[in-house]
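Heads up, the next two complexes both have chain A, just with different partners, chain B and then chain C.
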Partner chain A sequence: MMGDAEELSLKQILAEVFELDPSTIDNTTSIENVELWDSLQHFSMIVSVEQEFGVRFSEDEMGELVSYERLRSALAAKLKPTNGSPAKPDGQRVS
Partner chain B sequence: MVIAAGDDSKVPAQVNVAIPGDAESLVAWVVDKPTLSRYLAAARRLRMVTPPDWPRIRVAVLRNFTVEPLDAYASVKGAAAGFAVDVRIGGYDTSMRDSLTAGSWLFEYQPDVVVIALSLENLAPTLFNRYLTLSRSQASEAAEQTVSSIRRIVAAINERTTATIAIHNFALPRNAPEGLAEATSTTSLTSRVRALNQELGAIASGMGNVFIVDFERIAERSPIDARNWLAARAPFTPAILEQLSDVYARILKARAGRSRKVLVLDCDGTLWGGVIGEDHIGGIRLGDSYPGIAYVGLQEAALNLSKRGVLLALCSANNEADVDEVFDHHPSMVLRKSDISAKRVNWTNKATNLRAIASDLNVGLDSLVFVDDDPHQCEMVRSLLPMVLVVQLPAELSELRAAIESLDCFDAVGVTDEDRRRVELYRNEQARQAAQESASTLDEYYRSLGMTAEVRRIDHISATRIAQLTQKTNQFNLTTRRYTTEELTQLARQPGVEILSIRVSDRFGDAGLVGVAIVVRGADAGEAEIDTFLLSCRVLGRGVEDVLLHATAIQAEALGYRRLHGTYAATARNQAVSTFYPDHGFSRQPGDDSGWSLMLGDSDPSVPAWFASVELPTNAQAGAAAG
Partner chain C sequence: MTGHQSAGTLPSLTIGVLTRDDAPAAARLHTRSFPDDLFTLAGERVLIRLFEEFADEVTLAAKLEGRLVGYSVGTLDKSRFMRRMVRRHMPTVAAGVALAILRRPYETPGYVRGLVRWLVRPRAPSRSALAVSMYEAISKDARTHRVPPLFFLQLHAAWIVHAERLGAQEIEGQVTDERMLAALSRLGYRLDRTVGVRGGSKHYIRCQLPAEGVHRWALDTHGDTVSGPAAADVPASMGQMPSSSPAVPGPRPQRR
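Up next, the complex of A and B:
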């Protein structure tokens, strides 16, 4: 689950990696329309999100999370508490 | 993995107002939260806002895998050290071509530093990935080729530039291809990689401008990211990037001659546990078992540094004779007097003492590292002498040794003959000078502490602690009279007696009950005798004694006394207070050789202006006792 604070942090990370004004980031923001979003910065973005939220994306997810909308929903799924316990801090997914 | 990127209208770079706008704030912003995204954002902005007068350092990186986020980390870590770092990264597998071609980008760029970051897995894939398919001689040949190509790259760079060269050595294999035998076999891949790293070290050790970046050790501590390695040949995690860029920053500082030269050590709580002035030579913690062994470890680390050419100095608030006794006679002391190049063991403030030490050794204050366990001393030095690197020792004794060993500011220490001659002079006691710390600056510092003091009469709760202080306080103790709780309770019931204690706290916290004054009837009517006046050495030098004396005078007056009389009874440990009374307005009276007197009412001792608040007891007994 994503609260407002998490969403703000996520936007701030994208803003920092891709040199954007965070207030302009929305569901339409993607690799298609952001100048600095290339394959290299994509990795930096993924690692930054993992570092910030203590989550880990799978190899498949790495290639799919190429828009703010997809990133946001993949992250929300990982942050969703399962049996009352949040995602483990070491980045292991809770299954 | 392929990420398709369309070419139609894209959002260009925008301004993110959450990112600071000047170099120093950018560094602080990253230090506050050192995430990859902050490094990237800060490094981009640094390019625009780095002050033009910062020394510019061009760093070229030769690599065979994805190292890219390193440029952001190196830029920010460089900026933290005051360098404008410009990083240029070469092509994926062009390091040999770039370094062997006279007109290549590498030489056009005129680098100050060349980083050679080559992955063994990419450089010699068969050796690393199919090691067991190779015969011994094939493996040796592959290893030899690897070293020889790096040797050629280094030679080519040295031929055409004066750049400092930093060679990454190789990570050990993540797993053991030979299973259990990996560690026993001298021909295993692990042994082979270790041998390669030794050869790289040998290349560096022959040349003054070549350093090894110990990636073997870094990768042991922080494993590479296997997913990102496979998917993008990008093995560096944020933890690895931090450590690598720390090493780069060290190299930048060392080549700029910005290493520090002197390790200045406090004594009590630093070289040994406890307080020598209170606990005596048999009571301090220093020895073969916990906790004393922790201090032995710290001393060993300092001794090792001195063998690297770092000068050691002492700066501590003690009686010099006490410290000398430990150095001369304690069986577990590691450091000897001959290891110490300069010392200030006295009751002067440490900022003044550090200036004097720097002057003795003919080095700048920016050459000093000051180590102390006391947060007050550390904060005072930080605030008065910001160019001194202050190391506040951790509370956990198991971390003491590492606190010294992990100091990264002593690389390439070069001390001139002139410096050493100065040290000799000092040893002959010919170069003692005193620097006077300007009072206004100290005042400002004390003011910033927000100190509060509370003086109270003895009660059944404080009696135990007061008795304890009379028992164990030796240094700031005018008469050294020892009392038990029982004796104090009886004494307090006598007419004309007042037993006061003082508690102090400041923005660092509550120091607790730290001082005691006892007033009894004196020889003459109207005279109050100061039977006991003492202060814990934890709070010396901050005016706490002035507050206690002020309260003593006020209380004596309230009891109807007209005069205060105090004596100093010399012991082996209380020289520091031998002139306490004359220093505080007391004077000798005709016919009285034993003490000093102060007429109450006209010139009572005052409270230092830097105290934020002072609370005195209410004068319930006013006028009751002096008879």
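Up next, the complex of A and C:
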């Protein structure tokens, strides 16, 4: 689940990386309509989200996160506690 | 994953070695990607010579419908490469360096510090096993919905695999962006050291080969084309270089 504060943080990350006004970011915001959303910025955005929320996206997931809606859904799933335990990242480990 | 465009409209993305004919396009892309780089400040003629020389090194070029949209270049012997560059193009390089200093005189101390750092740099235990990643650039014009969203990392991974095939046992590179450092760690890069530079930090990174994650990430260069723009449509492994590409040079003596 994502609260308002988390959603705001997520929008602020996208706003910073893609130079957008946070208030303009909604479920229609995607790779198709954001001018600065190239593959370099795509990684910057993902790494920023991972660092901000303490999650880890797998390579398959990273390729899917091409819109705010998908990103929000994927992040919400990772933040959702399971059996009282914090969600675990499922990407590669970095030493 | 589903693609963003129908299969019938997929642009053709090809991955192959960078040739001398690609040098002018690579120079233009470099200028846009690295406006503050010494070679950029040295002017287009120097850049074109640089990429012509890179054509004999460890390079990959990504083309979208025939247009260069990304490259990854490096060398297995940076010292030899730079000596050759200077020896073959001394007048052009000298004029370019003078131009760069004229354009950014306040950067001159930084250039000198960089030269000193390079002269006293730690030497690799085995000079024959080290490839140096010098530049990667992706065209801003190549909108992500026309190339895989993970294009940058996948192209670099393909370059690492290419270097490995040429005999590299370790990759050395540097980044200035913390997020890029985090992204490249996915390929197996580890931070070697960090030095302070004007306006921030420069991180020297290394990747021991074979790196576990690289082959999974690398763009597939088999069969000349990478399937379209959709991320999940891109094969996760790297095959042979396309038959239509120039011959991949064999292993050569190394650097740094």
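Assume the second predicted complex is superposed on the first by the 87 of 95 C-alpha atoms of A that agree within 3 Å, B and C clash if a C-alpha of one lies under 4 Å from a C-alpha of the other, contacts with A are read in each partner's own complex, and residues count from 1 in each chain.
Following the convention adopted for this analysis, a residue touches a chain if its C-beta (ideal position, glycine included) is under 8 Å from a C-beta of that chain, and two chains touch if they have at least 3 such contacts.
Bear in mind that the values here come from a model prediction, so they are computed numbers and not experimental data.
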Partners on chain A (chain B, chain C) - clash or fit: clash
Partner, of chain C and chain B, that touches more residues belonging to chain A: B
First, second, both or neither for A:Val47, with chain B first and chain C second: both
Chain B versus chain C as contact partner of A:Ala15, first or second or both or neither: first
Partner chain(s) touched by A:Ala74 [first = chain B, second = chain C, both, neither]: neither
Contacts of A:Met2 with chain B and chain C, given as first, second, both or neither: neither
Which superposed partner A:Glu59 touches (first chain B, second chain C, both, neither): both
Contact residues common to both interfaces of chain A (with chain B and with chain C): 31-32, 37-40, 42-44, 47-48, 51, 59, 62-63, 66
Residue ranges of chain A touching chain B (in the complex, touch as defined): 12-13, 15-17, 19-22, 24, 29, 31-45, 47-48, 51-52, 59, 62-63, 66
Chain B residues within the chain A interface of the complex: 1-6, 8-19, 35-38, 40-41, 44, 66, 68-69, 225, 227-228, 230-232, 234, 237-238
Touching residues (chain side chain C, partner chain A) in the complex: 1, 4, 138, 140, 142-145, 147-153, 177, 179-180, 182-183, 185-186, 190, 213, 216-217, 231-232, 234, 236
Residue ranges of chain A touching chain C (in the complex, touch as defined): 31-32, 37-40, 42-44, 46-48, 50-51, 59-60, 62-66, 91-92, 94-95
